[in-house]
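Per-chain numbering from 1; labels A, B, C and D assigned in written order.
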Amino acid sequence: MMGEMHVPARSRARKTTAKTADTVATVVLWALALVCLAVLGSIIGYILVKGLAVVFDPKFILGKPQAINAGGGILPFLLSSIYLTLLTMVIIMPIGVGAAIYMAEFAGESRITRLVRFGADSLATVPSIVFGLFGLALFVVAFGMGPCLMAGALTLALLNLPAVMRTSEEALRAVPASYREASLGLGASRWQTIRKVVLPSAVPGITTGGILTIGRILGESAALVFTMPLFATKAPTSLFSGGAAIAPNLWYTLTEAITPDAQRIAQGEAAALVILILALNLVARFLAHRYQARQGMVG
Amino acid sequence: MTRRDAAAVAKPALNSEWIVRKTLFVFAMTTVLGIILVIFFVARESIPALRQVGWSNIFLSATWNPNVSNPATGHYGLLVPLAGTLAATLGGIIIGGPLAIGTAIFLTQIAPPRTGKLVVRGIELLAGIPSVIFGWIGLVVLVPMLARVTNTQGYGILAASFILGIMIIPTVTTIAKDALETVPEEYKQASFGMGATRWQTIYKVILPSAKEGLLVALILGIGRAIGETMAVQLVIGNARQFPNSLTSVTSTLTSRIVTDMGESTGAFRSALFVQGLVLLIMAMVIILLIRLVTRKTVKAA
Amino acid sequence: MQTDVEGKSVAARPLATPEPQHGRYMISIRDLDLFYGDFKALEDINVDVEHNRITAFIGPSGCGKSSVLRSINRLNDLVKGARVEGQVFLDGEDIYGHGYDVVELRKRVGMVFQRPNPFPKSIYDNVAYGPRIFGVRDRAELDQVVEESLVRAALWDEVKGKLKQSAIALSGGQQQRLCIARVLAVEPEGILLDEPCAALDPIATQRIEDLLQELKKTYTIVIVTHNMQQAARLSDYTAFFMIENQGDPGRIVEFGPTNTIFTTPEDERTERYITGRFG
Amino acid sequence: MRSGKRWILGGALLLAALLTVVGLAGCGNSSTTSDQNLTGKVSLSGSTTVLPPASEAASQFMDIHPGVQVSVQGGGSSVGITQLSQGLVDIGMSSRELKSEEQNQGFLDHKIALDVIVVVANPGMTVDDLTKDQVKGIFTGQLTNWKDVGGADAPITVVVRDKASGTREMFDEKALDSQDSTTAAIEANSNGIVRQTVASTRNAIGYISLGYLDGTVKALKYNSVEGSKDTALAKTYPLSRFLHMFTKGEPQGVVGVFIDFVLSERFQNDVVAREYIPATEL
């Protein structure tokens, strides 16, 4: 009886149950992944369907907000969000990148780096509402700034610091050690080596990280609820004047607004936020891709 | 002036190098300073309530009935929001956990390159969506749907769990994917070599050896869910009763803080800071848990 | 007289060449021990590097010959826990002496690495990197240094039309010569080469070896190589490094003129190594 | 241009361009005629119920008198009154009467509107009249099913205002005889949200200001008295309260002009009338 080897029935049975289990598992795993995509698609779809008409109405984008009657616009909220993002980035990039340089270039694995990493990890786990409480207690009350742009920016800077540090450190560590040795070998000092070779090579990575941080700043609301006004008819005129950013204002519109078209405004604000964040993600993806595609010359 | 002299003049004095190093050190220490400041100020603002209203009335009482005109005489028990937070987080992990871990397994073991890339892009986008938008979707879509399906008011633990389940997917999937990718290729080859099916290889070889990473992913997911404010506040109903059923309306620590902080003063406001302190302590516990889990693997490796 | 772009006459000033120093040896290493943490990598190293000569360090991989090279320009300082005992004299001055200026040291003793590592900048910016570090701002002077360094590195004719292009686009051999040009631009006295041709094809290797023969006239050269034919062809003196077995510190078995080392070595271990029986 | 530098410059240009485009478009706001160049500052703080009309008045007033800065903050009635007594603000907004200990501080009461609270239910409910005890029973959690009050057999979903709102304080005091509302009640931060929740949730009941009443919810009679301006003024409908702007003594200079503006025919009819009963009709 050549060929057909006699396989005992029991092991043949066990073989088939394993086979079916495998296909079932594959189907389930495919389903789980597709559910995630479906959820994302339906959320983005719903927001755009509901909000696009509102967002592209110039009166909405450029109009003045209304406290009581309908037809309010969101221009001051957009401006506040932009000023807030600029101010936060101006505070956080030097400190975050500076800290990353220290961690990647100067400090080896020492007690200090472990301490800084622990600090960064704990900051990254603190819920954003607790950052809101902290911002209220320190910047708004203790420093007496009152709810304003600077209080919001300082709070968001601390909230996003760990992320900026991590992405910048990864970008710095990705720069080949041979560049450092070559530069030092020519008699350059450590700081010259960092400034002239390492940093320029890491800039694309740092910039991509920075753009993702901008997305997080625009989307943050819990940390701003107590540190900035939720509703203001004017954009901030100075660092310490108040203005409502768009994300916290969306929460205000959902929970406290009394204008008859509050629902429509909420749809518009949600769509505006999502479009801004989608655009930022695309820009970050595009920059990262373009940089990998050609090992570009840097600085 | 020969080039050598010009060079001598321009050579950076040693101390400028030292100054740069010191400033960068100070920048690095801002994280440590930051977490100390956060803990200090949240704790400091909690003291008035703890002193005026007393520990037991806050940590052991379930009645939350602030008195606006005379704050010190109000009831500020946080057991209800604490229970709400735990219930919503548990619900979130039950829904989001399997979804996220499953997707991570899919991405690392099964996904064809193109679909894999698409799912990863999708997860990144999901991470980018602000939590207030999740809240809005919850309020406008999920709550009415649940109201019809469960014939209740729609708000409550179930709605919060769905929203949190979706929101923790990016965090858990990314970390779980990294953990699964660190499993050495040889394990997989060996298992396949013995005629095991892909699923047997996954649950017999790959999952056990990535156990710690997956645990860390879930713990971080829990941390993310506990800290969520805006999305939860909009769908949980903010009632002051214990979550006794899936569809019962309740409140969480975060929703209590953001709902009441606006007009609170004195002991009422300070009681909300106490809830902030509890959230902070939970975050620290999560950090220690993760260090415990990762240190175990480091010792074992 | 050279005229620059605006037609101004520029005092032609050739790349400064190092004047011969007083002693016969530019570098003298005395009783050098090197530790990485508590692992002793090198023990009792004594070698003298003569001016305007090529000295080769040969020996099996892992015997510490590169570590000696990195002790000469103190790049070992970068390695955490590296510790040196003994002395290394550069033109009579101990570079591990207190307060010795490392930056000045690395300028006087340039280094070329095993894998060509040009900066991700243009060819011009690579060569001009060193002078710019030391404060040279004048455009005309920079152009002059860049051209002369590339000429000395035998690369000028191949790149003079495309100085603005990325150095990374060059071939392996060209990149290595660019690294040499980059070192020459800071007017060193000596050049240390750590297996410069290991990653290059035979033709490129040949060009580098011819270049080193040429550079020998003006610079003191120390080259680490595990390619014995190269050492024999190129060097005037050779030091043969050896470790007994894994974990022992590297030691110099024999050091002397290259032709005696390769024809009538005193130590029979050198004999066995150069006849290729092991290592 | 080195490409490294190009990244930074590119990013900055992108943001700058975004900023200028949006900034330019924004500054052409409408400039109404400003009759006299009044200058000065007016600061208000207090009740969140008075906040919306007050901030509307502030922005209209600032359009008319560009030289004047009017700042409006929330914080609740008691915050407004305490800050007024401490001289931190010019006007203390309140949606409740002064407490005994707040009386003798020489505060001048300017009633800017009458807020009538009506009990509303989901349009699907068959009930349209509730006695005081029934309302009290429902909102304190004793009665939990619509059939207890003559409706269909369905669990009642109670929607109330958040604890810090003046509306909730007045409703608890007058309708619930100062008892606390049920812990099972959904808390909403504004009239708008109470109305939206009651309208979209079956079997829901809540309370809002009369001005917010619209077709989406059904107003219920209270002790078979329909909540309206007349019944409130005639005191036959108890659930009403005045909205106050307190000042320390006679308001001076620009503060007085602002108060007069709030009480002016134009502002009362355009804005206040939309939610409350204007002071002009009291």
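In the analysis below, a residue touches a chain if its C-beta (ideal position, glycine included) is under 8 Å from a C-beta of that chain, and two chains touch if they have at least 3 such contacts.
If you're wondering where the values come from, they're calculated on a predicted model, not measured in any experiment.
Q: Taking touch as defined above, what minimum step count separates chain B and chain D?
A: Between chain B and chain D, the shortest chain-hopping route counts 1.
Q: For this structure, which two chains share the highest number of contact pairs?
A: Looking at every pair of chains, the most contacts join A-B.
Q: Let me spell it out: compute each chain's centre from its C-alpha atoms, then which one is farthest from chain A's centre?
A: Most remote chain from chain A, centroid-wise, comes out as C.
Q: Could you state the distance in Å from the CA-based centre of chain A to that of chain B?
A: Centre-to-centre distance between chain A and chain B: 15 Å.
Q: With centres defined as the mean C-alpha position, give me the chain A-chain D separation in Å.
A: Here chain A and chain D have centroids separated by 35 Å.
Q: So, what's the distance in Å between the C-alpha centres of chain C and chain B?
A: Chain centres of chain B and chain C, defined by C-alpha means, are spaced 54 Å apart.
Q: Can you give the whole-Å distance between the Cα centres of chain C and chain D?
A: 81
Q: Can you list every residue of chain D that touches 2 or more other chains, as numbers and ranges?
A: Chain D, residues with two or more chain partners: 2, 48, 188-189.
Q: Which residues of chain B are in contact with two or more other chains?
A: none
Q: For chain C, what residues touch not just one other chain but two or more?
A: Within chain C, residues 103-104, 107, 121, 134 contact more than one other chain.
Q: Which positions of chain D touch chain A when the two form their complex?
A: 2-5, 7-8, 11, 14-15, 18-19, 22-23, 25-26, 29, 48, 52-53, 55-56, 59, 188-193, 196, 212, 271, 274-275
Q: Touching chain A in the complex: which residues of chain C?
A: 73, 75, 78, 80, 103-107, 110-111, 113, 115, 117-122, 129-130, 132-134, 166, 168, 179, 182-183, 186
Q: Would you mind writing out the residues of chain A in touch with chain B in their complex?
A: Contact set of chain A toward chain B: 18-19, 21-22, 24-26, 28-30, 32-33, 35-37, 39-41, 43-44, 46-47, 94-96, 98-99, 101-103, 106-107, 112, 115-116, 118-123, 125-134, 136-138, 142, 158, 161-162, 165, 189-192, 212, 215-216, 218-222, 225-226, 247-248, 250-251, 254-255, 263, 266, 270, 273-274, 277-278, 280-281, 285.
Q: For a test of understanding, state which residues of chain B touch chain A in their complex under the given definition.
A: Within the complex, chain B touches chain A at residues 12, 16-17, 20-21, 23-25, 27-35, 37-38, 41-42, 44-45, 98-100, 102-103, 105-107, 109-111, 115, 118-119, 121-126, 128-137, 139-141, 166, 169, 173, 196-200, 202, 220, 223, 226-230, 233-234, 254, 257-258, 261, 272-273, 276, 279-280, 283-284, 286-287.
Q: Can you list the residues on chain D that touch chain B in the complex?
A: 48, 74-76, 78-79, 99, 155, 157, 162-165, 169, 180, 182-189, 200-204
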